[in-house]
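Given below, in the form of structure tokens, are the structures.
The two complexes that follow have subunit A in common; it is paired with subunit B in the first and with subunit C in the second.
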Partner chain A sequence: MRFYEFESRRLVERAGIPVTKYGFAKTADEARAAAAEIGGPVVVKSQVLTGGRMKAGGVKFADTPGEAAEHAEAILGLEINGHMPVGVLVDPKAEVEQEYYAAVLWDGRAKRPMMLFSDMGGIDIEQVAEEHPDHVGRGHISNLHPIADFRAKETVARCGMTGSELGRATRVLAGLARLQRDYDMTLAEINPVARLADGSFVALDAHMEMEDEAVGRHRKVLESIGVDLSEPREDYEPSEFERNVKAIDSADHRGVIQGKDHGFHGNLGLVIGAGGGSLTLTDAVRSQGGKPANYAEIGGNPSVAKSKGLAMEVLKKDGVEKIAVMMSIVSNTRVDIVARGVIKACLELGKDPAETIAIFRIPGAWEEEGYKILDKYGVEYADRTTSMWDAAGTAVAKIQGGAQ
Partner chain B sequence: MADLDGTFIEVEVTSDAASDVELARKLEEVCPVDIFAATDSGVEIVRGNLDECVLCELCLDAAPDGAVVVRKLYDGTELKR
Partner chain C sequence: MSILLNEDFTFIVQGITGREAVNLTRECLDYGAKIVGGVTPGRKGREVHGVPVFDTVEQAVEHHGSPPDGAVATVPPAFTKDAVMEAIENGIKLIVIVTERIPRRDVAEMVELANERGARIIGPNCLGLISPGVAKMGGIGGPAKDARKAYEPGRVGVMSRSGGMTTEISSSLTAAGLGVSTAVSIGGDAIIGSTYAELMPLFEADEQTEAIVIYTEPGGRMEAELVDWREANDSRLPIVAFMAGKFMDDEEMQGMSFGHAGTIVEGKEDSATEKIARLEAAGIPVVERIHEIPDVVKEKLGG
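After this line comes the complex of A and B, so read on.
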């Protein structure tokens, strides 16, 4: 789940990391009042979940509260990349001596959170890492043990900082690491952290992303900082495929299906899932040279109708020639039920399951029954002795006109 | 394409059992996927739900021996008591 800048700011503040005085406003009058409260020149920023605000005219500077109100009026009516703002953030135009970068993110390879700190903030950290690697400090922390400040200190020190600056930056990074863990963030980033003229360190802009599954656990905190949990937080409009899959899932309590096709343009439809299987299988298809038409998740023992629904939506997508039905090993999801569903989907669309299903690889509960069904309809299947990698390879080879 | 219509399960109830109102209520209650509907005159098979049959045999347990048969059309075998 992504957060607006003003929500991220509230989370950062809640975590005890210093921020400058700021105001969130939904009307021009509120923006005027916020600017007056801050005093001095301010910057008025559109609150949208998309990039390119500056270029689109969604960030404007104002010297007086009246000017802030005028800018807020204009920004509140300005659509940016198809998004209307939920309000504006009014910030002081801070006198910054130096900008830094601080982040804590989940490192999938190390399977633990990683802290990042740079004394070259305010710009793209990937560019800094490439061009000035000695200005980026990295350090891993444990998810099991308390977060010790010295870990953050080591990370900050790796980019050459010393003295009181090191101490102040350490407090920001350690606070951010606790925020990342306490609120299950997949990304907690402050860019820039600013050193002001008086030597203090403050968070000027923050970007937070929370693990979707953790949202329910943090409902109270989220509501207390003004998050509207009924609002979709995607940075794009869901496609017809995504909407349809969601509707099928909502209409039937049995099992779970999900489908995404944003950014997918391939010819191999995927009906995949089970215990991390979706990510592994999508990667496997790509690594084998295939072009997935979608991402999907199916599990939790879906009904025949739900399995059929997902497979039909995948098959109806433009450009899909075949589908691969693959999972890691299933325990409660029944192989025979999914087999019935995907075969029904093919038949109802007038397609031959034997030609359309490139591979069926779901080992697990009721697999023998499933294999009888697949045999009957001539669908090629694989059991657990075939790896997910090899099953993906078979599907890709078939769609590319190779092995049959 | 093989001449197969995508129907996987058939459920049959003998005519005596089908008009047993008490049995109809039991069948409606035990089937987890609503394949049986109790009516004033007995039991009706909800054909739209047939392929959701999970082969649990609860209907066979609830009915007198031989009254209900669940047929797996994909391998020709039957579940019955």
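After this line comes the complex of A and C, so read on.
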């Protein structure tokens, strides 16, 4: 789950990491009040879950509260990359002496979180790591033991820092490491961490991502920082197909179906599974010149109604004439149940299953029963002696033949 | 021979009274597995297909007389970490975690504890492992009769991030007369207990295994780790790979995840194209079609 900048700021603050005085405003008047409270020049920043705010005019500087209100008014009505802001963040225009970079993220290979610290902050960290590797300190954290400050100190010292700055930076990084663990963040990044004129360190901009699987156990904290958990936070607006498949899936606890069509524009509907099988089959269709209309996953032995539901949604999509029903060898999902489901979907939409189902290739549990049903309706099917690649090829050939 | 399992291997099933666990227990027993107990808190005194149910792992160990060799954990995600730690602290050395959607921090904690105690975790989000004709631990291959159809004893070790594809690939090896030594469904999450490279030393030491087939996907750096291990250890085993999810490299698919939780591409090196290039450069052929795997393996084995 992604966070707005103001939510990340609140999380950082909760973790005891110093931040500048700031305000979150949903109206121009609130922005004026926040600017007056801060005093002096401020920055007004659009709160959207997308990049490129600066370029789009979503970040503006103001010298007076009145000016801050004007900017807020404009920014609140400004759509950026298809996203409307949920408010603005009002920040003091900080007098920064130096910028640093701090982050904690998962190192999958070490199976531990990794701390990163650099005294070259504010810019792209990957570029720093490439051009100035001695300015990036790295250090791993044990998953079992309490997070020790000295691990953060070692990491900061590895980028060459010393003096009073070492201790101040260490406190920020250790705090961030605890935040990453306590809140199940896949990414916890402060860029930049700033050293102000008085020598103090503050987090100026933070970027947090919480693992979706863990959101449930942080409900209380999320609500306390103002997160509305009913609001979708996907990178893109789900399509009608995606919403419908999700609704069918949650209406029935037996088995799992998933469907995505973002980025798919073809004419061959895919009723496929399971996780790895779906990836393999989507590649197989595309590599043989086929154009999938969607991506799907069937798993965990869904009911007839659920299989039917997925097939119907795929068939209802614009431009879809045929569906390919394919899976890797199944051991849990029952072949006959999926067969019943997809045939029912065709019949209910007034389509001939033999014409509509380009190929049925699901070998495995209850296959004999499944093949009997398919025989009855004249649907072409294949068993495990036909490879996934060849089954996909048959479907592609049929739909291309039909389009001519 | 085989890796991890043998004919005398004993294990318990944690969460044994759940619907999925009941099926899994039946399938494993039918395949000849020695399931010596089950654990579901509050259900002590029941039986599942003749297997006695206990409240704690400690009771199951006591009943058996010593810690069983393994445990299959199939409990809800919120309780998995505790269940696995219970198994490890009671002396169990091989734990297969079937459960999906466990937060990464929990997985990392379990794996680190396992390392400290000399235990091994397979999964999470996996179907377990099978040594054809010897034993099966987990839902892999399904009911015993289906498992026998897809898996025959043989020369090739299989490791796969997808449970279903483990069977699809093994079935093709069986049909080609090569057969399978041990097949491990390693799990589809971003952090897992045993990676390709971490299982390689076991296959290397197994006389029955003459070649390795891996199934992989975008996301993570597990292939790089495998390549490094192979080069550092001068391995005798040829490896053949299959990569699914090439379509995820398309610009329109950026930032989306398909299939497993672990397919989230977090860096350039995680993409299918990069991984294929790295494997091929290390002398590990990446085939485009599953059914080509047996021929490429045969070629590597010298006919």
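Note that in this section the second predicted complex is superposed on the first by the 248 of 404 C-alpha atoms of A that agree within 3 Å, B and C clash if a C-alpha of one lies under 4 Å from a C-alpha of the other, contacts with A are read in each partner's own complex, and residues count from 1 in each chain.
Assume a residue touches a chain if its C-beta (ideal position, glycine included) is under 8 Å from a C-beta of that chain, and two chains touch if they have at least 3 such contacts.
Predicted model only: the values in this text are computed from it and were never measured.
Asks: Taking the superposition on A as described, I'd like to know which of subunit B and subunit C A:A251 touches: first, second, both or neither.
Replies: So A:A251 meets neither subunit B nor subunit C here.
Asks: Compare subunit B and subunit C by how many residues of subunit A each one touches, and report the one with more.
Replies: It is C that touches the greater number of subunit A residues.
Asks: A:L144 contacts which: subunit B (first), subunit C (second), both, neither?
Replies: A:L144 sits against subunit C, while subunit B stays out of touch.
Asks: For A:A354 in the superposed arrangement: first (subunit B), second (subunit C), both or neither?
Replies: The answer is first: A:A354 touches subunit B but not subunit C.
Asks: Determine, under the contact definition given at the top, whether A:T280 touches first (subunit B), second (subunit C), both, or neither.
Replies: Touch partner of A:T280: subunit C, not subunit B.
Asks: According to the stated criteria, A:I373 is in contact with first (subunit B), second (subunit C), both, or neither; which is it?
Replies: First partner only.
Asks: Using the superposition on A, tell me which residues of subunit A are in contact with subunit B and, in the other complex, with subunit C.
Replies: none
Asks: Once bound in the complex, which stretches of subunit A touch subunit B?
Replies: Touching subunit B: residues 303-305, 334, 337, 340, 343-344, 347-348, 352, 354-355, 369, 372-373, 376-378 of subunit A.
Asks: Of all residues in subunit B, which touch subunit A in the complex?
Replies: Where subunit B meets subunit A, its residues are 1-2, 4-6, 8, 33, 51-52, 54-55, 72, 74-75.
Asks: Quick one: which bits of subunit A touch subunit C in the complex? Just the residue numbers, please.
Replies: Its residues touching subunit C are 106, 108-109, 111-113, 142-144, 181, 184, 186, 211, 213-214, 216-217, 235, 260, 262-263, 273-280, 282-284, 286-287, 295, 297, 327-332, 364-365, 384-385, 387-390.
Asks: Quick one: which bits of subunit C touch subunit A in the complex? Just the residue numbers, please.
Replies: Per the stated touch rule, the residues are 23, 77-78, 101-105, 107-109, 111-113, 116, 127, 139-143, 146-147, 150, 160-165, 167-168, 171-172, 175, 188, 190-191, 215, 217, 220-222, 224-225, 242, 244-248, 250, 252-253, 255-256, 258-261, 263, 288-291.
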